[in-house]
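Since the structure comes first, as structure tokens, the remarks are kept for the end.
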């Protein structure tokens, strides 16, 4: 499809994407609690004619990490209903199964082209400030300690815009399109359980996206390969309380164990193959000044430039925690509450994305790769799975102006990026016949 | 005064003491927030004819330790008013000046005999259980997270009973009586600031009391000298937050500083002169798993068998905290939120107490000393001050049956102890002419 | 025997004791290497008519702790021979079996009265200084890094003086006398293995001695009960070396394990029953700056005011070391290289010693007990064993002027103490008929 | 000069290079003690007609790091004399001034081309094994704990070979040649003080070399840019000794300080810009098990992928050590005993080296760069100085077969590499007219 024609269609869909984005922003829902969001998404996709897989169908239940407590999930579910969640879709998502896989078959032979967007907000109170556009325009988050401060509201809107465009242009392309709406990307908790459920096993060409991340408005990065593999651990130590003055010898201090573990974790040796990280970000221990502390919680994060390095740090961490427990005669638990992999995008697919992005005329610069050190992303689970099944995968970033950094309470982005992304992502399907594989 | 006669008077006052005790129990108020309690106490003492020093008069304001936050004090003050605090006394106690010194002059020459009772409850939710007498009898605490679980409600009632008895028998004794109603003994926060204000400087013979503490009903200990000197420290470290994955080198981890300090504090060398203790009972640090922790709080407690030993531990602790801050490039604060001394009771005064207690006929056993290792008590500040001013001092314990240990949510005592204490303490003034000083 | 008569005998033996002491001083031999000393002692005792148990007879071989390396023992044995060790006695002591038990039977019924002296020097170079009497008088140690800087040369001389006196006065006393010449008291390494061999099982009244220790010349302490129970541990960690720049992830640092263990050992909680100590006195780890350290050695010492407390610290220490090894993936060994117990002297036996010491007329003050905090002593193993077998035991100290503190290279004592001790100890046997047991 | 002609000259010099190498190998001298080696080198260079700067002329004396103790230097100097060091050159090098800068002027205008070789051996005992060629051929090290196990003997021989060749061919080239014979490269101790003395400030094109390092025989790497910046620190803590049982509160444990520092050093945060390293490789502390340790020594090493990162680690380390000293009330010293920088070779000079090496016909492969992670090298100080003065610099590696890895007691190399290096290095001067600078 020629660019001018596509631009017209994108232009047409743009207001709807902005409206969706603002709706999701206002009713921000954090990880595993995207009940209202998912029901709205499902309803739109259904009306567009997509085949839907919903809730339990698209997860390996036990592989979901970092689920909120049962009562938190129940309360959020109830609130979603009050805030206009759409039945009957809502019921599919109960108990933290807030994922959707939408498929549209062109009816013509061709590859399956996959896209992944995420839907979750952060646990953050949005600022209420006349200079903050969501405040100004009246779509600031109404939910306490939940805010779209990372742009996933935009990602979801892009996903729906793409679904709309490809449904409208179904006659123009071949093969299948599969759009994945993922929950709980924050904390890298959601993708693994969907990837393990096989939802991308039939995807030939896969693209996950993000907006912002420091890339300037009007620029694009086709492949961000610098995501670090990561593990998120909640560690508890359980000791024995005793009066610190009266009989200290009867206590077993979980606090001392936690302090010792913290030092040892941070002292794990560097790995010669590349960058690693370890952080004990939170330590909460003890009940009273004069009590040998019976309990401690550590929130720990490991990272590695590749999966081997992260696994090295992770295994060392587990050994340290076990040893510390022995030292202090305390019990321990280690709970994996988040994980992501490193992943390298497929060169041919990157080339194609770059060529299409340049052809779109929307960007002043289209970079094939980003060298910027980055955080972690669990879309990497999808990417690694696609590649393991013989497909190709990439992680692309669309630049945009930010009002404040990601995860900041003043975060906001320029909504033009929604159309930039829609245009480019649509071309990957519409112009797939221009793709030249070397193999 | 002969014992039979005194017994009759005590018997007469007993129901009133029990009523007072139950009233204070029901409207339990924790340290520095004893607004209602103090106003009731002041009103009674005033009606009995005592001269009162109130509020700011009896404190060195800056020496008060571990004050609650301003808004907590304001809310408690408002609640006291709603729960029947008595104007105009109430206003004297605003902003955590909840102490009273009551003096009665016999008009005849003689020594000043001082008593100290304390008035504060603990930050604890009282159990609601049909087997718990306060529940049964309808005087369980109505204040959330405040409970008289250490017997200070009884101490206050004893103080008022004693004031009543000595006012009634004023003709029978010589000299002056001075009764100190102290706030915030829990956490050893209140006595120092009253002692520094000079309230016991004119006291010749001083007795502080406690009920229970494991001494059997019907027994008494004249001198408990095993209180350990103690310091309670709140330590904060303030570092620099940074993304633990993105730019760890920009962070300065308050959490790591806290962990290192914890280990070093616990590793302070023993002192050859006697027992010492150190405990980091609480450590709370960090804001998120992936953030270099910008802040940490430690609740620390030192103890020593004598003041020298405690001071040794305390000075070492300060040095460690300062050094750790340098190590990690973080700022720190050390706030002394509680302190008590060790103190040895005066031998002659002990002998007199023992003689009177035996003569009272109320006890099956009257021990001159207790060897039991104990906690800490800030009445020691009064004792040391009295002795420094040339007086004599003792710390006496009246045994009683306990429903559960001190600081337990099922704590309760047998109210007979109120009369045991009243009877004995009154004799110290009434029979002072029997006291033979060796000097 | 009357005091004047005894004084005359003591006076007669004194020069010989001084000569012996100086001989042992000159040929100082440290723990388990007292080859020459033991052979001289055996020869004298044999000539006095004592029955001797020697070498392997008086030890449980495996219970000997802290033995020097095989080649060190062999070299010292050779040197002893060169320095005048007496054959055939010498051969009994080979391989660190340097103990002697000497028995003399009076032929009359009566108790077995036991004495224990020790024979080992310290690993220290003696000063060569004109003001140092051993230098002056030409009996400074000729053996490198071996010096009698604790007075055991005197103890051995006293033991021989006592043997001489009691042999001369055999007609005057009843029962049996048993004198134990113990090796390797320094480091508390030798007594346990002799006690386990049963050498004091038939002793009814037992006295171990020391000279000096801060007690003034002309004073005596009948019972020093403040020795702390102790354990001496050599701990090794064995990790995996790796180039710290090239592949740090392949290393397992024994040095880090040792550092972590050190902090945790020092942070073992105090015990509420009494004093405890922990010290990592020596830490040697690593082979090169740029190598992950493959090995580490810690020299650790625990102490407790009683055996329970010491055992508490010791068990905690073992758990810490095991846990640290797990943390760092290193191997470890714990070797017990010394141990002593706490022990309380028997009250009746103390009274008797005090009465005799006072009667001797040699002391300006005879204290029944010492409150001075002290180190550790493995004679406690004999004392506990005697008491467990139904006997009575004491640990007595004879004051003397010291040129410098114990274990100092200028250490020396006033040789008058030899006679003070001889006189008093002899009376315990000679005047045993004055002993009144309450049982 | 054409390759055939040059090959002939090289062939001619080869036996002499081998003889020199074997001589230096036999009389191996470690860092700052290269007295005999330097005197032999100076004598040869002088005879070849080079202008020599010697000893103190070529160092900033205070910037020399990691000097041996005075008596070690004196003894080595004496031994050098006994082993054939050549007077009067020897005296210039006394007291660890063992460097030489040799200059030859062609008399024609042209650039100054610099070379750097190093002369020091390692503190290692060479194996004596019939399979080890130096043993076989009789040139194994005769000096205890000194062995050329890194190939610097070869480097020195190459430097002399190059000096010989360029003196012989002086008519064929223009400009100046400057050859630097550096001491104490091991531990990265020597280069900084020579660079600071300005010895390369007039060098336009600079090449430092190494043989081996895992590059195969017959291959060459023109630019090894992966050397990490490094700092070598000797850290001491000085505390106060005290008897750990008797009065632990009087001690200040240098051992505890060292343990705490070790953990904190290893826990320094990673740097986001690249690889870093920290290692406490050696920790020696304490004098006796029962003594609070008065002294401790740590051998520490930091590294960074670039100078900024290494400096970050180094500054953090200094802060930690200072803070730990405060914590424990101990004194400390930090001595910088070695340092190197990271350095990137100049692209144009690399191209020229690559072109000449390929033209030499001696290599099966000539790599422009090596990606191998490597250790550290203080030739980087020369390189950075040359570049700062406007020149160009490179670090080149000549591959060779190794009998065992560098720093191994079986280390040996194939002496063919001497000629490979000589041939290539000579071409840089002889064919400089082929060099095309882009600037």
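All chains are identified by letter, namely A, B, C and D, in their written order; residue positions are counted from 1 within each chain.
Quick note on the criterion: a contact is a pair of C-beta atoms (placed from the backbone, for glycine too) under 8 Å apart; a residue touches a chain by one contact, two chains touch by 3 or more.
Quick caveat: nothing in here was measured; it's all calculated off a predicted structure.
When the partners of chain A are compared with those of chain B, the chains appearing in both lists are C, D. When the interfaces A-D and C-D are ranked by how many C-beta pairs touch across them, C-D comes first.
With each centre defined as the average position of its C-alpha atoms, the distance from chain C to chain D rounds to 54 Å. Inter-chain spacing, taken between the CA centroids of chain A and chain C, is 70 Å. Centroids built from CA atoms put chain D at 50 Å from chain A.
Taken residue by residue, chain A touches two or more other chains at 246, 248, 256, 260, 263-264, 266-267, 269-270, 272, 277, 292, 373, whereas all remaining positions touch fewer.
By the touch criterion stated above, chain B contacts chain A in their complex at residues 187, 228, 230, 232, 243-246, 248, 255-256, 258-260, 262-263, 266, 277, 279-293, 296, 299-301, 303, 373, 375-376. Of all the residues in chain C, the ones that touch chain B in their complex are 263-264, 266-267, 269-270, 272, 274-277, 373. Listed in rising order, the residues of chain A touching chain C in the complex are 246-249, 251, 253, 256, 260, 263-264, 267, 269-273, 292, 312, 316, 319-320, 322-329.
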